[in-house]
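First chain A sits with chain B, and in the next complex the same chain sits with chain C.
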Partner chain A sequence: MAARRWDWVQLLTAVFLHLTLPCMCQGRAEQSYSEALFMKFLADGRVSATFDFSTVWSVHPLLFSNPGNVQHYGIFPKSLAEVVAHYHVQELHLTLTQGQWRTRVWGYPAHPAPPGAELWAWFLPEADSEKEWPGLVDAMSGLLGAHLNAIDSASSFQPLVSFRPNGAILSKDMSNSSALLRYAALPRETVCTENFTPWTKLLPCGTAAGLGELFEAESLYDCDYHSLGLHFTPHCLDDGCGQVGVRLSLTLTVVFPPPVTSNPSILEWSLKSLFHRPLTSACPLAFSSTVTVETNSIDGVQVSLSQTPSLTGTVEVAGRRRDRAVFDLHSLTNSTTSKPLPPLSVSSSSWAYHIMPEQPELLVSRHLVGSGHDWGGLATEITNSAPHTVEVLYLEMVPWFFRLYLHTLSVSQATVLSQHYVPAKDRRRAHMLELRLSLPPLSTSYLSLQFRRAHLKWTEHKPDAHHGFYINSAVITTVLSECPNCTSLAAQDQDLAVLRLYSEPLLVSLPTPDFSMPYNVICFVCTVIAIAFGSVFNLTTRTLQPAAAAKEKLLTRILRRIGVLSKQKSD
Partner chain B sequence: MIFRPSLSLVLQAPPSLVYTISVLVLTEEETMAASFLSNLQTELANHTVRAGEAEVTLAFLVQPLELDAEVIEKVNEAVSSAGGTGVPALTTLLPASAPGHYSLLIAVGDKPRPSRVIIGAERWAFIHTTIGSVQEAVTAVKSMVVDEHQLKWRLEDGRGKGRSQGRGSRDTEEMRQVRAAQGYQVCLTLVAPDSSLATVDWNIEDATDRVLMPFLNHPGIARLANFTISSQVFHYTDLKFSPQRSKSGGYYVSSTSLPPMISSVESKLGSLVSQLPSLNFLVLVAPPTHSPLLIRDPRGALTDNFLVPQWGGVVIFSPPGEEEGGEEIVVRMEKVMSVFVRQLQLLLGVPITSSTSPGVVLERGTLGMTEWQLDQLMVGRMVESVSTATTALISLVELLDKVKNMVISDVIQKEVIASLGQLQECYRLAGDGELEAALTLSQRAMVSAETAFFDPSILELLYFPDDQKFAIYIPLFLPISIPIVLSSVTAFRWLTSSSSSRHSLRTSN
Partner chain C sequence: MKLASLLESKRSKKLAGFLIKRRKPLGILLYLCGLVYLGMLPRDEFNRRSFVDENALMVGLVRREFRDSQSISDYAEELADFGVDQEGLMVWLEASFSRIGLEVYSQNYSAVLPAVAGPQAASVSGRSVYGVLRAGRASSAESLVFSAPSGEAANTHGLAVMLSLAKYFKSKNYWAKDIIFLVTTGGEIGVQAWINSYMGNAVKGINAGPLPGRSGAIQAVINLEIDSPKIEYARIMIEGVNGILPNLDLVHVLTHLSEMEGIPSALHMGWEGVRSHGRYSKPDLSDSAHKLYTVASLMAHQAPGLPLAGHAPFLRHRIDSVTVRGVGSGPTAKPLLNLARYLAVLLAEKTCIFSVSSAFCLPPGPWRVVFEASTISWRDSTIQSSSTMPRLAGDSSPSGCSCLPSASYWLHSCWRAYLSGCWQEDSEWQLLSAQEVVTPVNSR
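Right, the complex of A and B next:
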C-alpha cells in the first residue's frame, strides 16, 4: 500500500514537475510584474471577478532565502520577502476568504480556498520547520492583520499527500517528506478591510493605478464571496526549468450579486457598476495589464460588449468553445495623457435563469449528524458525475476535543485505496485522516465517522463560548485531466490540473460550563459564612436578658388585625 | 530570585577601562626617559566619569615603547625632518596598534619653542616638549583617549534618562544618534510619487558597492555593529505635500511639511522579522512638474536633503529639466549616496576630524575618520550597551518587587544569567584592555537583558492585582462588617456616655 501511495505523491508532484538543480545565477536579477482581471457570468446570474497580480523575480530561491548582508528588493514587497527569507520558506500560501464557493452552481474555483483563513507553507530542507512555523504564523498575521496567531501546534497539520508544492521543486528530498510542510486553517476568521488594506500595500502600483484602481472596500465586501490570496512559489523561468526564480501571486476572487435590471431577461454590468470606481489607467510597471471577459460562459446566452476588445480568442475547454475578449489596458490608455478608459459594460440578452449548467464532475458536501452533547458524527457526500472512475484524496482534520473513533469509519460506494491516520493527543495534536479513494463512475459516495465530545477545562473555552467550535473544511484533492468548469484563466492551458475542493466547515457546540459558577460559589459560601459569623458575633457580644412580656407581641397584633386570632378569641 | 546576589554584585561594581600608553622618549639619556615615564604615570591617575548613579573608571598603564635600534633611528629622522614633513611616515614605522593601545613619541628639545603636538590618525601622538614638562603629553593622551562628554551622555542614555526627556543641556549631536544595538538595518528606498516617474531607475547595486560598502566595511565602523543593507522601490506613494513656487524658478517645500511626508512612507518601511533598529534613507524623486524641488528651512536656506534624527535621511532628487516625460529618468547615485554616507556618520555618531586647539595638528584619516576617534565611539557604545543592559536588569528586579506573584519562566532566568555572565566577562575584558571583545560582549549582554525584560510572559497586566481580589470577596466582607460596625457604634456610645447612664443603658438592653 505504501508503494502505491508514493506513486500518487509522484503523480501530484509531476503535475508541476519542475525538478531543478540549484543554479546560483549571479548578475542583476530581473523583475517583471503583470496584472490580469478575468470576468465572467456565473450560471445564477452572479458575476465573478478574478484578479491576479504576479511578480516574477529571477533571483534564485536559495539566494532569495539567504541574501547575506545586501539585498536589493526593487518592486518586490520587502516586508514579505524578509518574512519568507527569515523563516526559510520555500512556498507559502495564504488565503483569507469570506463565504463559501458554491461549486455546484459556479463551477470549480480559480483559486480554491476554504471559508476563513488558510495558511500552508513548505520549508526549505535545511530549515527546522518545527521552530520556524510559529514565527512564520506570527509574522504573517502581522503582515496581513489577520488573527493567525490562534494557530498553535494543536491546529497545525502535516498532510502526507494532499498538499504538494505548487512551484518548482528545489530538492529531491522535498517530494517525499511532509515533515517540511505545515498546514493550518481557521474557519472562524472573519475577513475585512483590515486584511485588505495591508494586502493592497503589497501591490507595486497599490490602488493608485492599474487594476488596483477598482478596489473600493465597500463594494468588495458587499458581495457574495470574497477571497484574498497570497501565493509565494519558486518559479521556472524557462520551459526546461534551467533557471529558477521566485513568483509572488496576489489573487483576489470576488463574486458579485446578479446585476439588478428593469428587464429580467437582460443582465448588464459594467466595471463602474460593480466596483463603484472607474478604471482610468494601466499600471505602468506591469508589462501586461489586461481585462478578459468570457462572452459565452452560459450556453444559450450571448453576451455583447460595449467596446471593441483588443483581442478576441476562443479556447477549447473540455470540448466546449469559450469565447474570450481581452482588453489590453496599455493600448487603451495612454499613460502620458491620463484620459479615463472608456467605460466597459457587458450585457446579456435573453438571460434564462432556468438553464442550469452542467454540474461539475466532482462535488463534496459535509454535514454534522447526531444529537445531544455526547455523541456526534461527520457525514461526507462525494459525488462523481464523470463517466469514469476518479481517484481522490480526502483529508479530514478534527480538533482533539472531538474524540474520533476510527472503527466507526464507513465508506459506501467508494473504495478506500490507502489510509493515513494520525490520532490526536490531548491539547497537543489534532486528528488527521487522509484517505485515498476511488470513486466509481456516476456515483455518490458516503463517508461517515463518529466522535464523542470531550469536556474542556473552563479556561480553554474561547470568548463567546456558546458560539461553538469549528471543524476545518474537509479537503478533496484530485488531478483532473480536463477542467470544463474552471473559472480561472490559466488552468486550462495545462494538460493536468490539481483540483482542490473544500467542504463546508462545521460548527459544533460543546458542553459549556456555567462561567459565572466560581463567583456564584464565592457569593454563596460568603453569605453562609457571614450569617454564621453574624449570629456568633451577636451571641458573644450581647448580654441576653429575659424580655418583659408586658406588651403584646408584634406578631400577635398583626395576626389579630388580619382576623386569624380574633376568630379564635371569639370562639 | 536565584540571580539576586550575583545581580547586585555585578551592578554595584562599576566597569573600569584600562588603556595602555606606550611611550618612546627620543633622548640619549636613559634616566630622563625613565623619570618622564614615571611622571606621566602619576599625572595620568585613575579617572572616574560619573553620570547620576552610573560611573565608569578609566585607568592608564604607561609603559616604555620597545623598538629596534634601526627603527628608532628612522623615527628620529622622521621627527627631525624640516617642518615636520616626515611625521606622517611614523604610522608605518610604529607597531600596528589595537583599540585601547596608544603610542606616544616624545621629542625633547632643548630650545624653548612653541610646543608642537601631532595626533596621528592611527593611535599615536607626537609631542615636542621641553625638558621635564609632561603637561602636553597628558593633555594629548586625554584628548586622544577619552571623550568625557560623550561617555557621560551615553551613560545617561542607557539609563533611559536621555533622549526621551529632551533636556536643554543636550546638544543636537546627541539627540540625533541612534541607540546602541547589536546591528542596524540600512534600508535605501527610492520613492517615485508620480505616475510619470514609473520608469525611474537608480543604479543601486553599483552605488552600494562603490560608496556605501567601503564605509561600512571600514574596520572602525564594521566592529561597531552588524549592518544589513536592503533597497526597495516605491511607486505611487502619496506624499501629502504641496510644493510652492520660489522666486528663482524652482519649487520648494517648507520644513514643516516634512513630518507628514515621512509618515506617509513610514507605514511601509517596517520589518516584521527583525528587532534591530532600522536606518531609512529615502531618495525622493521630484515630479517633473515640480522640478527642481528643494526644502526651505525656517531660516530660509534651501537644501535638497535633510536628516531625521534617530530615523534616517532623505534626499530629494530633481531630474534635469530637459528630459521629457516618458524617457527614462536615472537618479545620479554618486551624489545621493555620498550624502547618505554623511548622514549615516551623523546617525552613528562618527566624529569627523577637525582641529580643536592651536598648536595641535590632527592628521586626517581615511574617509575623514581617525582610528582614535572611532575608538572613542566604540568605548562610548560599549558604555551605553552596558548601561542599557544593567538598566533592563534593574527594572526587571523592580518589577518583580512590585508584582510578587509573578511567574518567571526558565527562559527568562536563562537570559538573565547569560546577561550577567556576559557583563562580568565584558568588565573583565575592558579591564584587560581588550576593548573590541568587550564591546561585543556588552552588546550580547544588552540583547539578553532586553529579551528577558520584554518577554511577553511578564506583562504586568497578566497578573491579578490585589485590590481586585478584595472586590471579589466583598460578599464576605460586607455582611461581616455590618454587625461589627453596628456593635462598635453601640460600644462607642456606651463608652462615651456618663457612668450613671451606663448602668441604665445596660439594664435597658
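Right, the complex of A and C next:
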C-alpha cells in the first residue's frame, strides 16, 4: 500500500513538473546575460579595465510594481528587483568611486562617475517620488553596504535638464518635468571591499566562473581609480522600441598604474599580472563572454598581443577608428577539460614616458578661491578645444551652509543661454544652479561664484569637524557629434551620444566652534554654584543681630561670686 | 562688622597712603619684576616639556624606510653644475619631475618692488616649477606642499633631497593626499606669487600668472633650505607673516623625528648665527641663556611681521608651514639621508592626521613650551574615538612615542583618515600690528 502511494506521489510530481517547467524555462529564456571586459592603454601608460555585466530581461518595467506579476527572477538578482518594485523605480543609477578620473590625460571614461557615491533615480509616472526617495536610499545603502543614509532632503536635488532618462521612455509626461527625478551625491563616502562583496553577489555567476574569477580585492583596490556601477534602465528590446524590457548593467572600471618592466621603454601587462587570478572559464549563463583589447597605436607606439584573438576588427566609434581584438571566452575554454586559459599579455614597445596626450575636446576643472572663514568662491574652467561651438549644460550643487550670492556669478567667454537657480533653505534644501552655456570654439571659459560660510550649530558638525565639508562635483552634460577620446565598448550603449563630465569635489572648511566649551561651561558653572553660591546666599540673605546675653549656668554664677572666675563676663 | 572695622583701621590707612605716595617707583619696580619673570620663563621650572597633542599622530610609528642616499648625492652632483643659470635649472627640473612620473607645470610671475633706497623701482620676474604627485584612489581634495626655493642662496642639497624623496614617494601607494613639489625663484616673492594664484588672491605689485594645474586645499607645507651635504643642526623656522605661527604639533613632530635621526633641532641658532647664514655658533641647547635668546628672537621676529623664509606666505592663508634649514657642516654633521628619512616619515604622517592643538607659544626651544594654552581635542576620528581630557597647567606628561599598534594597521588605516584643520578661527589672530601685544586669546 505504501509503495503504491509513493508511486502516485511520483506521478503527480512528474505531471506538475512537466506543466510548470516550460514556464520556468520560458522565464529564463527571456533573460539574456552577457559579460565583457574591455582593456586599453591610456595615454600615460596606465591600463584601464572596464567590466560590464549586463542582464536584459523582457519584463515590462511597469509590471514590476505589482508583485504578483513577476514570479521567476531567474538570473536577475531578486534583491534588486524587489527594491525596484517596491519603490516604483523606473531607472536607477548608483556609482561608488574612489579617485578622480583624470580626463585631461585619460580621455573620457566609459562610465563617468564622480568621486564618492552618486545615486540618481527616475520614478514611475504614478509614483510619489517625495515619499519613495528616502526609502529607496535606505534600501540601496543596505543592498551595497554603503552609507547612503546620509542623503537627506538637504542633499537631494532635482536637476531640470542635466539628467534625462536613459533607456526607453515610457510616457511622454516624463520628458517634461523633473518631479520624478532625484539626484544625490556624497563625495565624502569611501568605498572598500565591504561594498564590493555585495556588488559581486548581484552577478549571476558571482566570482565562481567567468570574468568574476578575476576579482581579487587586493589588486582591484591597489590601483589609481576604482569605480563600481549599478545601472538599471528600461531597455528597448527591438529597434522600433515596440517591446520594452529592463536592463541591469553592473560595471566596474579600474585604472592600474603603468605596468613597467625591467626595460623602461616597454610596458607589458597580462591578466595574471594585473589581477593576480587566473581566468579559467566563461560564465555558462552568459551568451557572450568576451575580453576585448584595444590595440590602437598611441602616438606611434605599437601594441602587440601575445595570443591570437578570436576576432579582430576595426570599429568606428564616434568618428574615430579603433582597432579591437576580441577574445571569445566560450570558444577558448573547454568546460570538459577545465584547463586555464592560455595567458594573454599585451606589450607596447618603445614607450616614451609622458607622451603629451591629445587633449579631449571638453575639459572641466574647478577650484576654490579665497582663504579665511568668511568669504569664499568657486571658480570653474571649461575648456573647449573643438573648432566649433559646443552647447553644454552646467550643474552646480552647493550645500546650504555655503550661502551663494547669485549676483556675483560671472561668466567669461561663454554665453549663458538660460539659467535655472533653486535657492537654498537652511537645513532643508541646498543650492542648485543649472546653466545652459554656449562655448565658443577653441576657448576657455571661466565661471566664478562667491559664497559666504555660515555657522552650523555645534551638533550639526560631522565627526572630525576640522576636516571640512564637501561640495559636490559639478556636472557638465553635452552631446558630442564626434568623440575621438571616448572610451567605450561596442555600440550597444545608447548613452554614447551623451557625454557627462564631473569636476573635482571641493573641500571647504567651516568655522568650527570650540567643542570643549560645553565641558568648560559645565565645569565652571558647577564650581561657581558649589563654592560661591552657598556663601553669597548666606551673606545676602542673613541678617545679623547682636546676640542676646545668655543666662549663665548656676554653677558659673556661684564660682564667679566666690571669686574663682574673673569678674568680667566673657563676650 | 569686622570687615568695616578693618577698612577704617589706622594700619590700613597708613598702608594705602604709602602705596599712593610711592606709586611711581612701585610701578617701575613691578614692571621690572615682570620683565625678570619673563626672562625666567625659559627656565625649565616654569614651562613644560613639549608634546604632540594629536593622539592619532603617533610619532615614530611609521617605518623609516628611506635608504636611497645615492640618489641624493647623484641629484646634488647634477644640480651643482647649474650655478646661477636659473632658467636652465628650471628646464632640468621639469624634465626630472616628469621622469619621476609627476605632472609638471610652471608658473610665470613678475613683481615690481617698491623703491626702497632710491627712485628706481626694481622689477623681478621669474618662473616657478612644480610637480604634482597624484595620490591613487584619492579625489584630490587635499594636498601637501614640499617646497624648496632656488635663487641666490644655493639650495642644491635641498633640491636634491626633494627630488629623491619625490622618487621614493611615487613608489608608495598609501598616500591620501596629493603632494605638490614646488621650486620657486625670487625668494618669498615667488612663493607669494604662487600661493596668491592658488588661492585666487591678488596682491598689488605682484603679477602672478595662472596655474595650469592644481590640486585641492593645501593642508601643510614643508620648506627645505640645505646647502651642505651634511648638517649638524636642523633649524626649524616657524615665524610667518604678521607673526602667525603654525600649528605646534607640526613643529613638535619635526623635533621628535629629527631627534630620532640624531640631528638636533633648534628654533634659533646661537648669537653669532644671527649675523650670517654660514657662520654659526653651536647652540648649547640646554643652556638657559640660549633659551632666553630663543624666546627673545622669536619675539623680535614675530613683532615686525616680516616673512622669515619661504614658508611664511603660506601662513597668512592659515596653512601650517615650517622651514627646515640645515645648518653647519662640522665634524659631527650627519648625512642628509637622516634628514630625508625623517621628512619622509613626516609627510607620511601628515598625509593622514593633523591636530587641533595649540598654536600660540613662545617656545624657549623645540623641546619646551611656554604659554601653551591647555589643549583639548574633542574629536571622533576614524582611527580613535577617545577624547582627550583637558590638561591642566603643570601636567608633566612626557612627550615622545606612545604605545604603538602595529605599523601595518596604521598604514592601512592612515589613507582613510583625514587631516583636521588648524586652530580655530579667530579674526584677531590675523591682524597683528607691531603695536599689538600678542596674547593667547583662546585658552581651552
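Convention: the second predicted complex is superposed on the first by the 485 of 571 C-alpha atoms of A that agree within 3 Å, B and C clash if a C-alpha of one lies under 4 Å from a C-alpha of the other, contacts with A are read in each partner's own complex, and residues count from 1 in each chain.
Definition applied: contacts are C-beta pairs under 8 Å (C-beta built on N, C-alpha and C of every residue); 3 or more make two chains touch, one makes a residue touch a chain.
A quick note: this is a predicted structure, and the numbers were derived from the prediction, not measured.
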item	value
Partner chain in contact with A:G240 - chain B first, chain C second, else both or neither	neither
Partner chain in contact with A:T541 - chain B first, chain C second, else both or neither	first
Touched partner set for A:P387, first chain B, second chain C, both or neither	neither
Touched partner set for A:C223, first chain B, second chain C, both or neither	second
Partner chain(s) touched by A:G377 [first = chain B, second = chain C, both, neither]	second
Which superposed partner A:Y519 touches (first chain B, second chain C, both, neither)	both
Interface residues of chain A shared between complexes with chain B and chain C	519
Residue numbers on chain B that touch chain A, as the complex places them	187, 195-196, 198-199, 204-205, 208, 213, 226-233, 235-238, 267-268, 270-274, 325-326, 472-473, 475-476, 478-480, 482-484, 487, 506, 509
Contacting residues of chain A [partner chain B, same complex]	28, 67, 69-76, 78-79, 82-83, 86-87, 135, 139, 142-143, 201, 204-206, 208-209, 281, 284-285, 335-336, 338, 519, 522-523, 526-527, 529-531, 533-534, 537-538, 541-543, 545
Contact footprint of chain C on chain A as seen in their complex	98-100, 102, 115-116, 187, 190, 221-226, 257, 353-354, 365, 367-373, 377, 379, 463-468, 470, 504-509, 511-517, 519-520, 544
In the complex with chain A, residue positions of chain C that touch it	1, 98-99, 101, 134, 136-142, 173, 199-201, 214, 216-217, 317-318, 354, 356, 376, 378-382, 390, 416, 418-422, 424-425, 430, 442, 444
